[in-house]
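Shared between the two complexes below is subunit A, which has subunit B as its partner in the first and subunit C in the second.
Right after this comes the complex of A and B.
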């Protein structure tokens, strides 16, 4: 799992150096290398600078600017007043209002309701994604005909845009033309079509299931990679000792998958907090505000009501949660991988 | 483990049970997607009929003809955006993928081979951006793009998508290049190649799997991207397929079967690409482990 590990640049240095070419060539190469160090630095700089420039302009500059916006009273119609000029572009600074946006946001009961709803959404989403993702991985790790095809199928829900996912599940769940209603009706289980989106709490749970459908295959892919790295001898030895399916699952499979489990947990948590496009397509935060999460509240505040100041403030509270999760992620996962 | 069970041919029930589970997983993964296709070749009144037919009595591609503007229908001016948006999606996705392969592989190579404090700091900065929620940047990016005059342009989208995809591409390709022994370039350098020649002529030709993984991943991410396109290119005709298809949902006079056709059309390129390159994509996903 070196790929997950940014702090190990010496992987290749550990390999036996120039084993085939002997010491003479190595010495010659080292001398040539010293002369070339200057030009190699330029070479490396030339290779990384285009990507770095784009990231600087489109990620770091907006990041700094949006920190400022969250402390300002942004009036999009009056971009006058003080401004800074970077790369020939004039960025208005608007009126600095200190913590006003944050105190306004944090004193709004809507925000706290949305946060509570988000926590419910994320908790249930993470649990379902891990359980279903893991169950699918166990099934697909078995030996059966068509295993390769089944693994390919995993990519179908994941590689669809969430807009298409939303449209597709509206077609499954609609109260007039939904396939699930159609099937239940045919089977005689219901005598009238059910409405999945008129009750707020049901709608929120439906969103969770749909997002799980889209995201759990990703967890499955990671779990399958983890399952394949477990030595089969362990299972054979356990079978000899008379261990059944559940004992092997508890004592061999789950402990071996622990690093993968943490990875899936953290990625699912971050993805859960940031989910936006499904809400856009399926519920628009409604009915009422019953499916309004913090991300959706921030997006709506900024881009439906064009209140950029409070909008960025809401979104930054979310960013803090994500950054905290990232720190946990690095602490827990990367240290685990390094110790292996 | 099911492994052991399946090998034991004397027991029929566990094998049947396993195949039952496999069928269940297949139904869960593929069933809804197939239903989207079935809806798209149905007529709206078949979907509304009770009992609902499980396969349309008169399947036809009429809904696709409608969204491609081949047939006139009552909502055609709304669906007229589909074709230009499809074109925009293709252009933006292909350019971003190409830029990722060219610039991203160069940067990934540099990070794999050159150790310097500056390189280390910038690499951590790039990794940091991967954990940043894109949505928090959007208000500021909206204002910046407006100042640059790149709002409602494809160049603006290309620039934005590059900044969000470069970190992933650099990351997978860096880890891929690290698996290639240094001696390969060293002997090329001894033979008189320049550093650039050693990279382009020796390393790149044997980096196919890494490049395919990065390229396929970039393609799927860009093709499916919604938020940035929705916010930056809100003017009709300048945006990509996902916001256009999402916009059709808000129109009360468009049949669901027509929207299903648009949804299926918008999904199918990325799904096919993912299936074709599945082996590489899975490797890239496992190695890159990104959000998304």
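Right after this comes the complex of A and C.
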């Protein structure tokens, strides 16, 4: 209580400076304030320390350890060198090899091919997810019968496990008995069943379509939340001024959605770069290497070939790219918005 | 224990009764004696394939032998990696399944132990087919596993489709096979008559490649497991044929991304393919599962594999024994039950042969009337046995570089087929890949 209320008269009366003149009194108050703030800080630290410890253990420690792995030569069953034990967990330190893993990864043509493919995948995925997600949000923000049901149904693709999504779409796209082929055939649009995974470029685009189907609803939900936070008065005023749909969209909706746009873009970009499960289920990086993205390459290097050093190095290059893109998005979208 | 594991709960009466019995045993000094008599609990982990059947024979085993085996499964894709991580963390799984390409690694790193010194091991070795026994030995020549089942590549054909095409018998050579397929396609009886198992997994393209090479009598790896495909023209002929059948439009492009051999064999269910090559046991479902397959009953049949010598690739998957097990006696007993003949009637082997058509390393099993009767429902057993006798194993999988070579060679082979790269370039690329890893 005292810490939060340093100027209490009874407290003050006990102090020798109490009868002193102005500057001394001010110094006393300043010192008391500092003590109070320090005391409050320690109290707060004590309160959050269990949570901090948990975060340290489950986020920071594995992160640092995986960074270390990317600079080491690792064999899971043959840990060379020493080990440290933290809270009962034994972490082998392996053999430090400096930038050797990164050098090996960056000199592999397969990595650069995978990176190009990944950039194509992410660019198309982000554009489609944002545009479709935003369009669906605009529709679902309007008043019409069955809107609640539509909003609920929207969650279905997003709430499904991506492994299940992959299996579901594999079945629908199957060249022997797939429903999509069946429908196209009955409609007379094709004269024989198509193989959607025969060609690498087609397979990559099919993956994008499936991922957009799975992820666009999440963008819709975020945009919808953003749309509902825009004051209706702005639209009424614009209507009085004679503004049409597009002018309102351009001058009111889009500027107001900047924070949400930033969030959607960051999430979509990171999700795009890290997408693994659909490839795992639907193409295994094939045909050939035509759907091998950087994430798949990293996963395969680490968990199929047991090369954990190069595997983590591959995946950390993606981390750097994601961080860089987030900074760029922030500058382009959010910084200007905040300065306005 | 039984109550807890079955129902997940225990009532107050059971708890009191158990506590009373424990107290009485402790007071009378019988507690220690009782513990010494109880069978040591054993952890048994397999990948998720027919867990109902496995649980059934584990229950039978526990009941018959008074053992306490706890069985659990891990999904196939991360099976070995998970077990390695668990071992690394100090967890001991006494008996585990092990895919053949992981055995040597596990033996070399001390995760599993050799079995030669254990009682009854020599007898089991004598009972095995020599080729399969060879497969189960480490590079040093020690027995490091007991057999789970044998994977043997075979060729099967769709009899009604061949009849529709005017063929009264299946092809006896690859040239004939291609001719028949071309006619079936031309007559619009099948869009893609030939279904080789070119899926990208470890049971797909590479075993298919080894099978086709072995069928021609070609040498892929030498005695030191060095890749020598550039020294045998028969390998180039195989690859030329692969390119040719694809260029002729006889093989569906869908095959390159099929997630597993299981998915490929389901394609045969549709009856749209004339020939299919895959692991032998898949013929069981194709030819006998009347609910799923349009080629049941027995409209799909096995054909002796064509080629100069007609050999096919086979490998043996296995059970392994943890080197750090604390209950070696009990763990070995379980190993003998699942991978041998503990019950003296090939109990587990029979279950797999009858229930899933899995082939086995023990020739005696194929004399069992129940097995013979079961096989008769889906395959001509003498033809299968003849193919088995021509089955060939490769020791290359015992090399540490093999899994990566195996996975990366698939993309090279697929690119050759799909992008029409030259056979010479392909062979060169495969040899270079091998050199970079070995």
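A few remarks follow.
The rule is simple: the second predicted complex is superposed on the first by the 258 of 340 C-alpha atoms of A that agree within 3 Å, B and C clash if a C-alpha of one lies under 4 Å from a C-alpha of the other, contacts with A are read in each partner's own complex, and residues count from 1 in each chain.
The working rule: contacts are C-beta pairs under 8 Å (C-beta built on N, C-alpha and C of every residue); 3 or more make two chains touch, one makes a residue touch a chain.
Everything numeric in this text was worked out from a predicted model, so none of it was measured.
Judged by the touch definition given at the top, the superposed model places A:289 against subunit C, while subunit B stays out of reach. Applying the stated contact rule after C-alpha superposition, one finds that A:240 touches neither subunit B nor subunit C.
In the overlay built on the shared chain, the residue A:50 is in contact with subunit B alone; subunit C does not reach it. Of the two partners subunit B and subunit C, more subunit A residues are in touch with B.
Of the two partner chains, both subunit B and subunit C are touched by A:281. When the two complexes are overlaid on their common chain A, residue A:300 makes contact with subunit C while staying clear of subunit B.
In the superposition on chain A, A:197 makes contact with subunit C only, not with subunit B. Applying the stated contact rule after C-alpha superposition, one finds that A:176 touches each of subunit B and subunit C.
Common to the subunit B and subunit C interfaces on subunit A are residues 90, 170, 174, 176-177, 280-281, 303. Touching subunit B in their complex are the following residues of subunit A: 2-4, 6, 9, 11-12, 15, 18, 20-21, 25, 28-29, 32, 36, 39-41, 43-44, 47-48, 50-52, 54-55, 57-63, 65-66, 69, 74, 89-92, 136, 138-144, 146, 150-164, 166-172, 174, 176-177, 179, 181-183, 185-186, 213, 217-218, 221-222, 225, 232, 235, 239, 245, 248, 253, 263, 267, 270-271, 273-274, 276-277, 280-281, 295, 298-299, 302-303, 308, 311-312, 315-316, 318-319, 322-323, 326, 329. The touching residues of subunit A, when paired with subunit C in their complex, are 76-79, 90, 170, 174-177, 192-193, 195, 197-199, 203, 280-289, 300, 303-307. Note for the complex: subunit B touches subunit A at residues 1-7, 18-19, 21-22, 25-26, 28-30, 32-33, 35-36, 39, 44, 47-48, 50-52, 54, 103-104, 106-107, 109-111, 113-116, 119-120, 122-127, 129, 131-141, 143-144, 147-148, 159-160, 162-164, 166-167, 170-172, 175, 178, 181-183, 186-187, 189-190, 195-196, 220, 223-227, 230-231, 241-243, 245-246, 249, 256, 259-260, 262-264, 266-267, 270-271, 273-275, 278, 281-282, 285-292. On the side of subunit C, the complex with subunit A involves touching residues 77-78, 81, 84-85, 87-90, 105-106, 109-111, 191, 200-201, 252-254, 256-257, 259, 267, 270, 272, 403-404, 407, 410-411, 414-415, 418-419.
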